[in-house]
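Next come two complexes, and both contain chain A; in the first it sits with chain B, in the second with chain C.
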Partner chain A sequence: MNTVGIPRSLFYYYYKDLWQDFFSALKISYIISPITNKEIMDRGLKMSNSEMCLSLKNYLGHVDYLKDKCNYILIPRISNFKNDNQTCTNFWAAYDIVKNLFDINILHYNIDLNQKQTLKKGLYKIGKILNKKPRQIKKAYKYAIIQNNKRIKKNHQINLNKLKSKKTKILLVGHPYNLYDELIGKDIIKYLIKNDIELIYSDKFNPKITNHLSKKISKDLYFKYSKDNLGAIVYCQNQINGVIFISSFPCAPDSLACELAMRKLTIPYLNIVIDDNSSFTGLETRLESFLDMLGGKLND
Partner chain B sequence: MKDCYLGVDIGSISTKGVIIDDNNNIITQAYIWTEGNPTKAVKNLLNILKQNLPDNYQIKGIGTTGSARKLIGLMLKASVVKNEITAHAIGTLTFYPNVRTILEIGGQDSKIILIKNGIITNYAMNTLCAAGTGSFLSSQAKRLGIDVKEFGDYALKSQNPVKIAARCTVFAESDLVHKAQVGYPKEDIIAGLCKSVVLNYLNNVGKGKKIVGPIIFQGGVSKNKGVVKYFKEILKEDIIVDKNSHLMGAIGIAILAKKHKTGKTYSLEMKNLKFQTKAFECHHCPNSCELLKIYRNNVLVDSWGSKCGKY
Partner chain C sequence: MTKIAFPQMGDYYIPATYLLSHIFPNDQIIQAPKITSKTIEIGTKYSPEFVCTPFKYTLGTMLECLEKGAEILIQMGGGCRYGYYAELQEKIIQDLGYNCKVINLVTKGETNIKRINKLLKQINPKYSKIKNIYYSFITIKMVKYMDIIDDYIRENIGFEQIEGSFENLKQAMLTEFNQTKNYRHLYKTYKKYLKKFSKLKTHKPDKRLKIGIIGELYTIMEPFSNYYLEKSLAKHHIEIKRFTNVHYLLFEKAKEYKKYQKYAKEYFHYSLGADASDNIARCKYLCESDYDGIIHIKSSFCTPEIGAMPIINKIANEYNKPVLFFSFDSATSQTGIETRLEAFYDMLEMRKDK
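Let's look at the complex of A and B:
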């Protein structure tokens, strides 16, 4: 029986539910690497090169953890979503980097809508490699997509409800693989929740809506995920108290997106760049004072 | 007996303490170097303060701020522990209610606070990179063999400040070494350094912010006349530097302590206090948290750094 390994980083945070629904429907067993811990991060740091961003280093750590625990590791290459919707180069290169660094079987598909390589074709290809019949694959794909669309709708609704909350509201902007990673953004989320902040997440909006809205900040944006992030800011800037932008060092798309957000925003804005510094003290100072300002505690 | 309140601001480079009375007048103050040992620095600080405090005062509140605020807050059993941005803003607004912009450059942090009608509207702080802050200036002073306190006077002597890369202090440092070896006079290099601190600040912290007067400049670096001069020159605005500009954080936190008094009376006597910290790494899970245990008179009072909450 084949087991597919899914690294809990990068792509995982975009496709985790879709993949799991797809594999479960096909009765393919899969294993997901554990929540990032220091050991996994250290493994990644050890084998990566200094130019890589923290998130990619982390990804390699997860792959390293999985390498002898499964038959295949699932690594897509996501190149673009048509026209001007490019993804970050890490999403193109992860497959090649892993192939060069590790001696493992990789389960691989491309998403390149300019070349008509769709998610559907990708998942069909994977089903075939894992010896499933076309009829089964079709059914599983359909099921996974329906579930996924439901989830997007639901998450969007949750965000909309949160925007009506009476608590202090902060929009957390960032790539989901940074926001929700235990060693990258989780401490910040925990701190904010502990302080009774209503958190709205930039990745939980419907990208079809946010992508379009980003044109209000700039029409020349290149990266899809930057568009989604900035679009989320445009979407809710009149209903929130502040924006916190979390990015990992040295993320190239974010360096532009952060700067744009800072210049165009009229509400309080905090930019946090995470590298593998282990101390929370500096972060705490920034978060605490940011909350003080939002809550008006400075002025009492 | 009259009431008074102690504010302690423990920064990375210097430790500041003030004692104020009910009308926010400073009764006594002290400013010493932290030298990488905040607990020792605070013990010395309290000694100095105690000697200068008249006998008819009793301390009714203690507040701590600065990067070691939590540790010292535990040590002094402080009633208020707050970040330095809040403390600075409160201190400044008490004395200058009309201020619109606060520039602050400390030992490792630099920040800008924008205020409108006495309400903070926005602020920015350097990211975790400490480029262009006080610690950079003091290490360069050491390299050039002069006391950092004389830095400003040297800078004012210069007519032609040399150009020094302003983006990153690592680059700035190599630029500085080259300029010195080529033979530029010391004062021109120092003036160039001061100018690069200003440019660095405006590029990194002040970028995209509208800086309007009245502007107040504080933090340790505000005592450097060279930096003040170039702020004036580049912003084309008057820059106010209060005579207590280096103490503003401590004053702010003392004012906060006054607001949050508990009715308890505190002592400044620390001679018999044994305050220790022990660091160790927990290996119960792959996270290998770095833990810090804090002992007060050999009793464990707190431990920090655990992700799971086991300690």
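Let's look at the complex of A and C:
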């Protein structure tokens, strides 16, 4: 019986539900690595190169955790969604890095729409490797896509509804693999929710709307996930009180795109960069003063 | 009359100035001052925190050009985040209060002649396409000849008998290249200097050290940003092999990539972005041929090369070849580099003697 391991980092946050639906529809057992803890992070730090970005180090930690617990590890490669929608080069390289660092079986597919490598082709290929019949794969793929679209629509609606709330509203700008990771961004989210702030997430907007809007901040931008983020800022600029940028050190697209956004923003913002030895106590002080400042502005 | 400037890289400012001064004869081309430690200081001051170092260098030279009165800056690049530099640099410059325009010839990793024509027409409405094509042709050839001669110099400069003979002859060649009249003239000059170079006396021992340099393209091609690595290697009488040059990037890269992928298919399956996958294949090539060591250089935070580093390390381990990694930053100290280089050089000597 084949078991597929899914590392809970990077790609997981974009495709988690889709993968899970797909595998359960095909009756393939899978395990997901646990929520990031100190041990996993340390494993990642040990495996990785000191200059790699924190998210990639974290990813390697998750892979290291899974390596002897399953037969295959699922590692896609995402290159681009048509020409001007590239991803970060770490997304291009993750598969090759893992393949060279670990001695494991890897299930991989490539998303490169410039060369007509689509998600559909990728998942079909994976189904084939796991000895499933084409008819089963087709059914599972359809089911997963439909479920996924429903879920995304629901998330978009929740996010939009939050914009109408009367509480202090803050837009969190960051990549989902940083925002929702236990050791990277989760503490910040918890702290803000505890302080009764309405949080809006930049990755939960409809990309069809936000990608177009991002041109108002940056005309030349060609990073897909940065486009989502900047577009979200433009979309809700007039309805929110502040923006918090969260990125991992040293994130390549963020270093340029977020800098440009900060230079063009007219509302208060806070830039948080997290590396492998930042402590939450230091962050707490900064968050507190940022909230104080927003509060002060509201009372005026 | 508009004043045009561009950030420089190595000796390539000569063909670039040549091209621009011929397609815009009525405008003034401002030559960027040579990169010094002050350039990088200015660049770092106004750059975002963790951007890669070429951004800081190019921003620094841009600001120095603006001090000289430049009105239009030309920037090009692609592959990684290099292609996105121009927009942010323009914003930074405008925020500093300069009134200038940054023209980005390559956006989104792609470019075509139509777009370049349109952009250049903005600089001067009298711009002519045919002139551009003619002079581009000469410039491309000039770059090619420069690269061929540079390769020759790299192989031999460590063994020159009269100190400085290669350097002086190269300077003479570059000044003559600058006064090129037409293609025939250029070709004649090239042939003349090729002869002169081959006549320069060298003393090449059989037991010489050979080192291959691979790494990130800007750092490799701009000697200041790698702290004159090639020069200090030549002082130790080492033969140097370098793959990356402008001609390679412009014309050969797309063709070579497929070869590289086939050659090193056990180490990478997909492109890692920018020059990273090329470097992996080159590393394998250097390991298999008779080179004694490999030096991998990059600017700090260069994401594609960081991804390639563990793989290069693995290849070097498998073939049992020493590899030295350098990551250059604005805060790197010259002494630190020299110490590491010397240790590396001593180690290679000892291995050779065994």
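Heads up, the rule we're going with is that the second predicted complex is superposed on the first by the 295 of 300 C-alpha atoms of A that agree within 3 Å, B and C clash if a C-alpha of one lies under 4 Å from a C-alpha of the other, contacts with A are read in each partner's own complex, and residues count from 1 in each chain.
Criterion: a contact is a pair of C-beta atoms (placed from the backbone, for glycine too) under 8 Å apart; a residue touches a chain by one contact, two chains touch by 3 or more.
This is a predicted model, so every value here is computed, not measured.
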| item | value |
| --- | --- |
| Partner chain in contact with A:152 - chain B first, chain C second, else both or neither | neither |
| Partner chain in contact with A:209 - chain B first, chain C second, else both or neither | neither |
| Chain B versus chain C as contact partner of A:163, first or second or both or neither | neither |
| Partner chain in contact with A:293 - chain B first, chain C second, else both or neither | first |
| Chain B versus chain C as contact partner of A:40, first or second or both or neither | first |
| Touching partner for A:96 - first (chain B), second (chain C), both, neither | second |
| Contact breadth on chain A, by residue count: chain C or chain B | C |
| Partner chain in contact with A:269 - chain B first, chain C second, else both or neither | first |
| Partner chain in contact with A:49 - chain B first, chain C second, else both or neither | second |
| Which superposed partner A:285 touches (first chain B, second chain C, both, neither) | first |
| Overlap of the chain B and chain C footprints on chain A, listed as residue numbers | 263, 273 |
| Touching residues (chain side chain B, partner chain A) in the complex | 67, 70, 82-86, 89-90, 93, 109, 118-123, 125, 127-128, 207-208, 285-290 |
| Chain C contact footprint on chain A (complex, rising order) | 48-49, 51-53, 77, 79, 83-84, 86, 88-90, 92-93, 95-97, 99-101, 110, 218-223, 249-253, 255-257, 259-260, 263-264, 273 |
| Touching residues (chain side chain C, partner chain A) in the complex | 48-52, 55, 80-81, 83-88, 91-92, 95, 104, 107-110, 267-274, 276, 300-301, 303-304, 306-311, 314, 327 |
| Residue ranges of chain A touching chain B (in the complex, touch as defined) | 37-40, 262-263, 268-269, 271-273, 275, 277-278, 281-286, 288-290, 292-293, 296-299 |
